[in-house]
Amino acid sequence: MIVAGATGFAGALAAHLLWRHPGFELIAVTGRSEAGRRLDGLYPRYRVPLEIEELDLAWLSNASDSGFGIDAAIVAYPHAAAAPTTGALRETGARVVDLSADFRLTSLTTYEQWYGTHPRPDLLGEAVYGLTELHRAEIASANIVANPGCYPTASVLALAPLARAGLIADVVIDAKQGISGAGRAFDETTHLSMAGENILPYKVAGHRHRPEIEEQLQLDGLHTEIRVQFQAHLVPLDQGELVSCYVTPTRAVTEDELHELFVEAYDAEPFVEVADAPPGVREVQATNFCRLFAAADKHTGKVLVFSVIDNLWKGTSSQAVQNLNLMFGLPETEGLL
Amino acid sequence: MIVAGATGFAGALAAHLLWRHPGFELIAVTGRSEAGRRLDGLYPRYRVPLEIEELDLAWLSNASDSGFGIDAAIVAYPHAAAAPTTGALRETGARVVDLSADFRLTSLTTYEQWYGTHPRPDLLGEAVYGLTELHRAEIASANIVANPGCYPTASVLALAPLARAGLIADVVIDAKQGISGAGRAFDETTHLSMAGENILPYKVAGHRHRPEIEEQLQLDGLHTEIRVQFQAHLVPLDQGELVSCYVTPTRAVTEDELHELFVEAYDAEPFVEVADAPPGVREVQATNFCRLFAAADKHTGKVLVFSVIDNLWKGTSSQAVQNLNLMFGLPETEGLL
Amino acid sequence: MIVAGATGFAGALAAHLLWRHPGFELIAVTGRSEAGRRLDGLYPRYRVPLEIEELDLAWLSNASDSGFGIDAAIVAYPHAAAAPTTGALRETGARVVDLSADFRLTSLTTYEQWYGTHPRPDLLGEAVYGLTELHRAEIASANIVANPGCYPTASVLALAPLARAGLIADVVIDAKQGISGAGRAFDETTHLSMAGENILPYKVAGHRHRPEIEEQLQLDGLHTEIRVQFQAHLVPLDQGELVSCYVTPTRAVTEDELHELFVEAYDAEPFVEVADAPPGVREVQATNFCRLFAAADKHTGKVLVFSVIDNLWKGTSSQAVQNLNLMFGLPETEGLL
Amino acid sequence: MIVAGATGFAGALAAHLLWRHPGFELIAVTGRSEAGRRLDGLYPRYRVPLEIEELDLAWLSNASDSGFGIDAAIVAYPHAAAAPTTGALRETGARVVDLSADFRLTSLTTYEQWYGTHPRPDLLGEAVYGLTELHRAEIASANIVANPGCYPTASVLALAPLARAGLIADVVIDAKQGISGAGRAFDETTHLSMAGENILPYKVAGHRHRPEIEEQLQLDGLHTEIRVQFQAHLVPLDQGELVSCYVTPTRAVTEDELHELFVEAYDAEPFVEVADAPPGVREVQATNFCRLFAAADKHTGKVLVFSVIDNLWKGTSSQAVQNLNLMFGLPETEGLL
């Protein structure tokens, strides 16, 4: 197992989780800019003592021909850069969990509207959307898993029970996230003297996680059509994300019915918790848990759902490991509790 | 001029602002629990070298009879405790800016639903709602000014231009605030090891600032009837508040029309800024400014308005000073720039 | 195994660590103030689904007589309150790790100077100081382990190699700690609006961890006599502690000699890391690691040692578990990596 | 008056302070990288509506020849880049406060050891060290003022009373500073996900503020020779700096004597406060104050001095304005309270 692109926040955490995972063997971490440096030098908090190498696809291909290829890879590349590498790794026989957006959208048109030309549209049909709780069976047998965005993970888990019941007439999703969501970008959004003591709305009326949420709420018989109002905000903490969903229901919904919907949906889930009080993001930091709280507002008739995850864990890297557990027949919680 | 209740965050800041104000003389600060201590001992960052005294209404009354009474007071007491003191101070001839909710709502029924029995309903008619930009004329001649809540300040300034134009069919207000909003309360919501690295929704579907916002949006010919979805969140910073408003308009609104509405409403205002980019709360910290940004979302047809203030300044204490400036015929910006 | 006093930060984390520990069974958590509440209600981030009970020593004693007693307990009580409970638990046959200061000092005189009358001086002789790396053998067979204070843990690990070599003529320890060090205290030192954006020296020239550090540096043939200048500071973060030690050496020390001293001392230690760059506290957060960096300053001739730990983990609760591992013959790292 | 280099933290704050200053007129702000942009676009929290221009020395020189030159400038350039510009501005007749290190050290040898070749050593003799409280008279008539570093400001104010009395045998200065001290640098030391929840020692045994502190403690009859142990740390906040000084005195010093020394030194100072409790940095944020607290440790015989300033204000830009007030015969506190 390798992590390609281990120098960013997502890749580094994926490497950390795989390195300490009892069921997998992490044999290499790759990265262009920091090749030659050790990963635990770049990320001293993750104790992964591997040297960062450049990804050598030719070597991997030969190894594979000789029967010594890798069985799986996590690809943590930027959007559009990921697809070619995912394709190449796939061709060496490896199963891939791709953390980028390249294979998340089923509609090529939508993809190209938000991300530009798709480098490997031929692979779109092969990819499975990796929101574990919604697509467990397909993930288990998939060769390419498109790991969801962090906002879609929290939002779709929050709204799926309502969407499935046809209850969403309109929805506003107000998302708040810590600065790690901006990744290893060094700029005005991440400098502590600018991001600290601040709350900042960003990408107003145009975040590319919105189409991903809309697709998922419409797939799998969830809902027919829905236009989501999605708005992201940066808040001054490291890891953690809350989405507050304001749903105008298609009909009146009682508190009891609401509770039942959520319990039924998630009772058997090892990583989704239905809470009886509004959750804070601290409750899920550095875990693969998603914690949900739903309420009906008698004054307005709206349904409120609050959903917290750690954007780097369940929102990215630990969900990738959850998916790998499924793909390789391990207990879904292995290495994640 | 005195500040009654100067030991809480709001009262202490009010004292600080009045102490350094070139046009007012702060002669006393009062507080029961810390009487005898100096205010700059309790709040070392505010350099107000006055000893905290117990409020002596009898003395004030006599002083007043002898023609040496105080001309004005800021009352920073908890809700329900404030009204009797405001009344008593009023009876000594002082004009009062009351920071509590006691005189904010015109409807006694609504007040008692949220705050319990009103101690001085007789004074309700005399009070003016102190959102300076909306009620300037009445404030100038008022004897009791009910200083607005911080959320209503940010929300009503954000929505008034739309409400006035009859454009609000439905609105969701998602508010985020720093921990100073909880005041000098020592508990789980303010402990840095609990509030830090956290984002927490609170008072789900039941914040008492909601009726205040609704009343203001319906008063003064602003709007006929509107049920506001209001939700507050605590985020890990000290001072600062952002409200993100999601308006379903009664008819389609263009970006240009929107811009014009806001510029027209606030062009002449010294403390309201219409921004051309989403504002962060850092931009208004420790100031009396409210900064607004409005956008139309073509995808959903909704109108978005973002409004930032410092909850302790424009949201509370500096707005009180702005009102006092008006009440005493000083330039509105005096001591606030 | 039980945790007595699980409602504070230290006890709750100890319960969390034992609950997920593969080699121990946590059967009860106790606490007076919150009895009847579930621990995961009080600490939603720790998923320990046990109800908090009042400690029932009579029941435990009976159970013990019937051969069903508990084998061990972690006692997380305040200083002076801990000793009687530790004694009582000891009398039921349980081996105890006491997180308080009650059994840390060998000198009763020193104890009473800093903490008042000792409730169980009779047990002092039985207790072993639980700084694992220095007292491994005695801890393994101990019945009462006095778990070290967080500052002594970081400081003594930093200075032991120098003390052992007789190199310390004089030492200044400047310690910085996150707010969790103040525990579940709700006051001005922990309120985010006061502790945030602050750096605050506290207990100037009189912190009671100082005699503990001095005792340890003088024990076990480490050093003859040394008066430590110890100063603590609160900084705005949750968990994490750095001690910066400035040693005036008894003779000139080279960089090489210094490096060798530290490598030799800690090379075989699973939880002490000798770094080649100044460590930040982030590197050890939520771990049982202590990371050290030593340097010789040519300009002044002084030796500098920087030592980081997580004050709640290695500084308190995870070191307690490390000690329990030793006491029960488990691998020292069990449940801690 | 102009600010040359207004795009960094120090220059932008200087521009903000001069813009609102009642006694000065800020006519231009310059900067190469952001020329053409408005300063209030780059720093929305500072409401300075000037367009950033490239510095046009030829134009200034002509203006000066025609009698329309500027009377003063603040130069906020990086070390070594500042001196030539300061020289050129000086030649147009402007008096300059230089925020860089270029003219702080009297010894050219020491300068070149730490900063490389000096671009204008010919001007060294003309420059006055701008620690207002120590060099007031020379500053008033100076044409070039070398504004002190932030650490030297806090440290020298803390130690001057002891140095002047010949009391310092040895001193350790442990400094802690917020992230704004790193300036507008976008890297691993300023990213909130790395700097947040961290405490990090940096430039171990080699910070270039050390020789500046040593020079100042030896100048003006303060002390004969002293080798300072200086160590800096980054802590997770924006603005604020604490230096904790541990002095081994040349003879025993009592608490009373200590107190007297400090009161005598600073009683008449408008911006230095001698506190009777350990100060936190919050107490001086966004002010020009330095707050000091001194204590004698009976256990070790050492003298402790704690000194807090806002590194960007008294540590940099507001001290520059304090100096300009002196240079132009205004009250020293003008525009700074």
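A, B, C and D are the chain letters, set down in written order, and residue numbers restart from 1 in every chain.
We take it that a residue touches a chain if its C-beta (ideal position, glycine included) is under 8 Å from a C-beta of that chain, and two chains touch if they have at least 3 such contacts.
From a predicted model like this one, the values you see are computed outputs, not experimental measurements.
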Common contacts of chain C and chain D? A, B
Would you identify the chain whose Cα-based centre sits farthest away from the centre of chain C? B
Starting from the mean Cα coordinates of chain B and chain C, work out the distance between those two points in Å. 46
Between chain A and chain B, what's the gap in Å when you average each chain's C-alpha atoms? 40
Rounded Å distance, chain A centre to chain C centre (Cα mean): 37
Any chance you could list the residues of chain A touching two or more other chains? 178, 196-197, 236-239, 280, 282, 285
Using the touch definition up top, name the residues of chain A that touch chain B in the complex. 170, 172, 174, 176, 178, 194, 196-202, 204-205, 210, 227-229, 231, 233, 235-242, 244, 246, 248, 278, 280-282, 285, 293, 295-300, 302, 304, 306, 308
Contact residues on chain D for chain B in the complex? 20, 44-45, 197, 275, 279-280, 282-286, 337
Seen from chain C, its contact residues with chain B in the complex are 9, 178-180, 184, 186-188, 190-193, 195-197, 236-239
